[in-house]
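Naming follows writing order (A, B, C, D and E), and every chain is counted from residue 1.
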Amino acid sequence: MTRRVRLWILAVGGAGLAALLVAACLELPGFGGTSHPYGDRAVRASLARRTANTIASINFDQRAFDTLGEMSILFASVLGTVVLLRQTRDERRAKPEPAYVALPVRRYALIVLPVALLTGLYVIAHGQLSPGGGFQGGVVAATALHLLYLGADYRALERIRPVGLYEVGDALAASAYLVTGLAGLIGGAAFLANTLLPYGTFNTLSSGGTVPLLNAAIGMEVACAVVVLLARFLDQAVEIEQEGGT
Amino acid sequence: MSVLPYLVAVWIFLVGCYGIATSRNLIHAVGCLAVCQSATYVLLLAVGYRDGGTAPVFSDVKPGSRPVVDPVVQALALTDVVVGATVTALLLALVMQVSKRHGTVDPDELSELRG
Amino acid sequence: MNRRAALSGALEVLAWWAALMALWLVLISAPATLELVVGAAAALVGALAAGGARRAVSGR
Amino acid sequence: MDDPLIVVTLLLVAACATAAVAVRDPERQALVLAVLGTTLAVLFTVLQAPDVALSQLAVGSALTPLLLLLSVRKVRRRGRKKDKAR
Amino acid sequence: MNGWTVAATAALAGGVGATVWGVATGPLRRRVVAQNLSTSLACPSLLLLAQGYDRPSYVDPALVLALLGPVGTLVFARLLAEDLEKDPPKAPWLTYAASGFGAVVVLVLCVVGGPDRAMGKLLVTGALLVGGNLIASRALAGGIAGSRHG
């Protein structure tokens, strides 16, 4: 099974797949068409529950169970990464040396870190009003924390970021999402049903019933998950070395 | 040319598959997989587009005053972008393990190693 | 000595909190009471992170 | 399809995706993937999906490149040791 | 297709298109500068689109791009420091041109928008964009010395 034979099989298979896909594209309804049955119903349902951002209403209200699935995939992949990248017996942890970083770059990192953290929290908090939500805001907040590694060095980041706390935060947020769902069940309606809280006035922070709560839970979960993920990658790339000392 | 977005999505998908199949470095293959995933986002959002429509986010526009695009496909693409990133991280962790155990990340070299 | 250091640390966090609160007011569209409460909490988190970051970098 | 903006952004994304695959070195590919993330975010904004654009920006601009480069650094340091040992 | 979207199309086709070509070919130092430029050209385009589509809420993605774009370039400056040390990028005029373009776009939009709350967000985005762009190019040009463990 030489490389040349494999390339031939790839070429033939690829050409066949391309032909079928292009034929399918020609049958699709035209780009920019006006028939969007699900979209119109989703917008109507979101406005009925006074959630300004329809996409947040879909994610955390109409299809909250699907988002539960997405969150568990995210949790499982972070769990897998933590297990895979643990420090094995034949490895030792070397202390990271302080790196030279120019003063303006360091000052920029120290200034932008809180601004990015605040923007991340703003994106999470206004998830059900303006564009944004738990997923995006969580990643922005987590990336903000790692400005310390970019602006200074890994030792400074380790001093400010206790990984255990973020692992607990990750688990807590995931269970908060579940508890909010169970609360719907206990409240007499269905699991993750948005019938518990009043829908509030349109276009305000307290509108949309349980959407803001689920949004905040997902935001915290994604932020903690990304911090734990990057902590393991940074450990492997910067600190952990083979016994032979690479 | 109302079929261009679909053709671009198909092109990106095929280019990504070609990249994965002929890659000589597993980290490069994971990057090509990320390209394949972005093809699905382009297709999803192209399906949901409406001419002259705007985003169904009514924080700064009155509901019903302007035609809106389909929000359902946006909700699908949104969560998938973030989950795709963490799955990419899991794949990179696997590549690190392969590199640790077999000392190489070239898929051809890997297939010849036994045990 | 550490009382004065603690005082300057607290002053710095307060300064960061005020700056981040101003930024929050710029970001939001309408200053309702709930928005201000959430903004104050978020600004506090940001200010504590800023203080911690500066100490982590300087305390080599 | 009267909108040249959509055509320009689509071709930009297609070119950037092709470049991301054509570049074989992982470090240089991380650079092209970062630019691909930015062009995708612009395409999503043109297709009226600001939420997805925000999500792609948050993930594609800093997180994915950092993950790719850290794994390249880990794999390359192991490789250097292997060459020395040989 | 009002004036704003035409300007955005031109900025995207000319500017971001050139950066895509720049990041895919050539020496490493030019690719890194091209990546930095792609952020500092895409953010004003997003702002122009926000104005062209008459949707003030589209400024949020532009704000996050102005915030995280330079952070991405810092990631490259930090982790490619060893390779960049050999021939550091020395094309400051390109970066200044891009920051100038960004500043001009933000000022024009502020003038058009009038002194309301949205102008504050525009000014914050502009400040973050220009500041981040200059600091990132400073970091690329040798601001972060490569060290094995750092």
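Details
Quick note on the criterion: contacts are C-beta pairs under 8 Å (C-beta built on N, C-alpha and C of every residue); 3 or more make two chains touch, one makes a residue touch a chain.
Labels paired with UniProt names: B = Na+/H+ antiporter subunit C; D = MrpA C-terminal/MbhD domain-containing protein; E = Multisubunit sodium/proton antiporter MrpF subunit.
Keep in mind that this is a model prediction, so the values were computed, not measured.
By the document's definition of touch, common neighbours of chain A and chain B (Na+/H+ antiporter subunit C) comprise D, E. Common neighbours of chain B (Na+/H+ antiporter subunit C) and chain D under the contact definition above: A, E. Averaging Cα atoms per chain gives one point for each, and the point farthest from that of chain E is the centre of C. Between chain C and chain D, the centres computed from C-alpha atoms are 34 Å apart.
Chain B (Na+/H+ antiporter subunit C) and chain C have Cα centroids lying 38 Å from one another.
Averaging C-alpha coordinates per chain places the centre of chain A 17 Å away from that of chain D. The distance from the centre of chain B (Na+/H+ antiporter subunit C) to the centre of chain E, each centre being the mean of the chain's C-alpha atoms, comes to 24 Å. The set of chain E residues that touch two or more partner chains comprises 53, 55, 57-58, 60-61, 63-64, 68, 71, 75.
Each of the following residues of chain C touches two or more other chains: 23, 27, 29. Residue positions 31-32, 53, 55, 98, 115, 119, 123, 126, 130-133, 135-136, 139-140, 143, 151, 226, 229, 233, 236, 242 of chain A are each in touch with at least two other chains. Here the touching chains pair up as A-B, A-C, A-D, A-E, B-D, B-E, C-E, D-E. Considering their complex, residues 63, 117, 120-121, 124 of chain E touch chain C. Of all the residues in chain D, the ones that touch chain B (Na+/H+ antiporter subunit C) in their complex are 1, 6-7, 10-11, 13-14, 17-18, 20-21, 24-26, 29-30, 33, 36, 40, 43-44, 47-52, 55-56, 58-59, 63-64, 67-68, 71-72, 74-75, 78-79, 82.
Contact residues of chain E toward chain A in the complex are 57-58, 60-61, 63-64, 67-68, 70-71, 74-75, 78, 128, 131-132, 135, 138-139, 142-145, 147-150. Touching chain E in their complex are the following residues of chain D: 2-5, 8-9, 12, 15-16, 19, 22-23, 27-28, 30-32, 34-35, 38-39, 41-42, 45-46, 48, 50, 53-54, 57-58, 61-62, 65-66, 69-70, 73. Of all residues in chain D, only 1, 50-51, 53-55, 57-59, 62-63, 66-67, 70-71, 73-74, 77-78, 80-81, 85 touch chain A in the complex they form.
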